[in-house]
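Below are structures written as structure tokens.
The following pair of complexes shares a single chain, subunit A, combined with subunit B in the former and subunit C in the latter.
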Partner chain A sequence: MKDPILTREYLKRRSFIELSARDRAKCLFDSGTGRELAGPFDRIESPWLAMQDVTPEADDGCIVMRGTIGGQQAVVIAFAGAFQGGAIGEVSGAKLTAALDLACADNEKGIRTSAVLLLETGGVRLQEANLGLAAVAEIISSIIALRRHAPVISLTAGTVGCFGGMSLAAGVSSYVVMTRQGRLGLNGPEVIEEESGVEEFDASDRSLIWSIFGGQQRYDQGLVDALVDDDADQIVKTVRDLIAQGVPPVHRSEQVDLYRSRITALDNSRQWNPEELHSWKNQNKKENQ
Partner chain B sequence: MNKFTGIRGRIWFKALTGQASSMPGDPHSVLTADAPIGEDKARFLCVVPDPDGRFPCARRGEVGLEEAYTLAARVREAIHADKESTKRPIIAIVDVKSQAYGRREETAGIHLAAAAAADAYASARFAGHPVIALIFGQAISGGFLTHGYQANRLLAFDDDGVLIHAMHKEAAARITRRTVAQLDKLAETVTPLSYNVRDYAKLGLLYKLLHVSDPEDPNAEDVSLVRHEVIAAIQDARKTSPDLINRIESEAARVARKASRLVRARLAEQWNH
Partner chain C sequence: MEQFEFNYPAKRKVLKKSHIGVVGSGDLEVLLEPANDAAASVRIRTSAEGFKSTWKAVMDRFFGQYDGAASIEINDAGATPGVVLLRLQQAVEASER
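Moving on, here comes the complex of A and B:
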């Protein structure tokens, strides 16, 4: 692959990362079809934040939009990393679950509707702790219900990344899309350092962080289906293609024996160089042939 | 921190199944058994500490890579075996400290392992298996999402040793820039912050709180009570839809999760208009 930084096309590109969550969602739809639901003027705020002297937002940092993508019905749910680090609260979590459930009901009526999740989130919002965690469990369940009918695509463009319980939401999705500026993992570096010590993970080591969580690595180890540039047009095309592709014959999180055998084969006596796991992707290719 | 971490799981697994062993080839940290309960033969699963486990960050009752994939494999095995027959109940006995916090875990993609286990439990539920979670000790964060939180019915002991939360208290206080005392004070009014299982019950997510004389040393009466309640939960789960809608339709949820219900109503109204 050519280094995209050096090409004229890259300089002319429209950045996706620099867009707000609302504009990210909007740009994925066929021109003019994206319509926001339960938007800021509905003013459904978190009932729990003000009680803790934290200023709520009128959309709770979650944007739900409906429209068509490539001529097909779709719903996009975008988390605003700028509000509470995109963390899942009662309202933002309920928005995602409800949107997935409505899409699922439409599919059951014969209206094929896909979902795209723009995941920029640190996971559960600790100010709403147990209701955030409960919301994540419901989100996972609703993704699994919907993906039987139509693809659920998770996209983590950056720069917040997708961590905590929401990494499971990405994990059960039909397709995962990332940029090199995105990160994906269950426990962030700081949490690991705090729980298991700096010898286990030095959270100040940026290159270590990117070598493990970064979109390039997740793609190279076969845990991501498409690696895209920070280019809105390319991202739109990728999402459209994946929706057209439909539900995969088997989802990644259903391939238990494959991934379990890979874990069994790893040498547990030492830390691994992330590059060692690139062989997973090559094996994926072979199995698909 | 609960000094009994990981002990209750094994005790209750043994009390309900008459054994406490792993299936051949499985890590010793995952107990699996098929045992009778009521008219059914159910599959019981539990994650327990294994000080000799392969991965150093998953030896104290955390759910790590091996635990998550083993749970996923054993649940999927039951789904597959019951494809053409009565769907056996799947009972998750929950006493998990957390997910495993390690570099190996993240490098190998523990998020996918956890997703695979949650997927298996949810898929079992959608296939018609009654999935019951018995929260008898800790049920923290990613550990709980991986093992138990996809159940149709959640039952917990009404006991101080039960801890259901997104994060252990000290860490949660630190990250939200509060003292533990401030967090405790806030939790008196902000119910989802509370570490008390009775407050958790107010959120409407639980099917039932169970009262036993001693969660760490159950007598015959305690075991019989739990069996009775599990059978009732299985019957109840079989009667209703396989999704998690009961968690938002319950009487307590109508009060505590008003905002969630408002979101659902508003989105449904605006979906086609």
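Moving on, here comes the complex of A and C:
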């Protein structure tokens, strides 16, 4: 039976997942400092969706806010997972890239500005395929330019998760933060099932999905820097601490030899189970010693 | 996707704009702004086709109670009439806060 005190704590906390993308972005800033840039009333919406009979959104599902976090300048870019699965189109991609580039320019002027990406996205928006792919390339190069100056933090709280090209954006970030409810992966479960068959991956098996893509597994594999609860206050504190920590000495995506050796050590002649993946990082460490 | 516009008379000025909701399945986004003239208008874009008379009925009911000179835009992804009314009321509440 559950401890009633723990239940009370659970009920008292402020859920982050239940917040809208705009409220998620807003709550990260020092009180009253967050202001939205290129918001819904600027009506920078996708010109491609209406042509394909899809209702556009006035902010194209991408919320950009600027303010201070822990007293330091920061920009937060949040994707609304509810709109088109948070997928990246021409406009939302350009908003993200422009925000990162402006932050980079500020850093070059001596104003230290960090970036926080709230990634709830299936990747590229299929209705804007090539433009979405180009956007992902721009986003990655903008993250790499910015992360030399100030940390770029990717946060995937759930429940959409972060997949496709945008998982690469998370991969090149300075820090990755996840909840247990969040998911992170290049190919999503349904893509794997469609490409390789249900024997390879059963996309209807939710426990299998979370045991592979879930925040806990990604944290155990060393691909996530902080595993947090679905608690807005804890997430705010974690983001603040990571910004204060500054740029990491070595970025994860720079450790090519380490990750290449892990991939080489992986025996892909058989199916791995989630528990083995869990200890993959440690096994690899032992082999290297 | 279908698009239509309805116009209604208004009695008082709207001072603040407000934005509510998201264009997610079964939901909608409402953008409410002060209108330039002394009347109200609502422009609707919806992914569910063939419901113009239902939209008209929902708007008639809403503007039967609301008399602000607002210019409203709705981007809809298949919300039910109840959700539409709730979102409109939320938008009004946010604009009068």
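Assume the second predicted complex is superposed on the first by the 269 of 289 C-alpha atoms of A that agree within 3 Å, B and C clash if a C-alpha of one lies under 4 Å from a C-alpha of the other, contacts with A are read in each partner's own complex, and residues count from 1 in each chain.
Assume a residue touches a chain if its C-beta (ideal position, glycine included) is under 8 Å from a C-beta of that chain, and two chains touch if they have at least 3 such contacts.
Predicted model only: the values in this text are computed from it and were never measured.
Just from the overlay, do subunit B and subunit C fit on subunit A, or is there a clash?
fit
Which partner chains sit in contact with A:Lys95 here, subunit B, subunit C, both or neither? Use first/second/both/neither.
first
Who contacts more of subunit A, subunit B or subunit C?
More residues of subunit A are touched by B.
Applying the touch criterion given at the start, work out whether A:Asn130 contacts subunit B, subunit C, both or neither, answering first, second, both or neither.
Only subunit B is touched by A:Asn130; subunit C is not.
Touching A:Ser20 in the superposition: subunit B (first), subunit C (second), both, neither?
second
Classify the contacts of A:Phe213 with the two partner chains as first (subunit B alone), second (subunit C alone), both, or neither.
So A:Phe213 only meets subunit B here.
For A:Tyr259, decide between first (touching subunit B), second (touching subunit C), both and neither.
first
Is A:Ser31 touching the first partner subunit B, the second partner subunit C, both, or neither of them?
Neither: A:Ser31 stays clear of subunit B and subunit C.
For the overlay built on chain A, what is the smallest gap between any CA atom of subunit B and any CA atom of subunit C, in Å?
Subunit B and subunit C, overlaid via chain A, are at closest 14 Å apart by C-alpha.
Touching residues of subunit C toward subunit A in the complex: what are they?
Contact set of subunit C toward subunit A: 1, 17, 19, 22-25, 27, 29, 31, 33, 45-47, 73, 75-77.
Give the list of subunit B residues in touch with subunit A in this complex.
Going by the criterion above, the answer is residues 54-55, 57, 65-66, 69-70, 72-73, 76, 98-99, 101-116, 118-120, 122-123, 125-126, 141-142, 144-146, 149-150, 164-167, 171-172, 175-176, 186, 189-194, 200, 203, 205, 243-244, 247-248, 256-260, 262-264, 266-268, 270-271.
State the interface residues of subunit A toward subunit C in the complex, per the touch definition above.
Answer in residue numbers: 20-21, 39-41, 50, 53-58, 61, 80, 82-83.
Which of the residues in subunit A end up touching subunit B in this complex?
37-38, 42, 44, 46-48, 51-52, 64, 66, 90-91, 93-95, 97-99, 101-102, 124, 126-138, 140-142, 144-145, 164-165, 167-172, 184-187, 191-192, 194-196, 200-201, 212-213, 218, 221, 223, 251-257, 259-260, 262-264, 266, 268, 271-272, 274, 277
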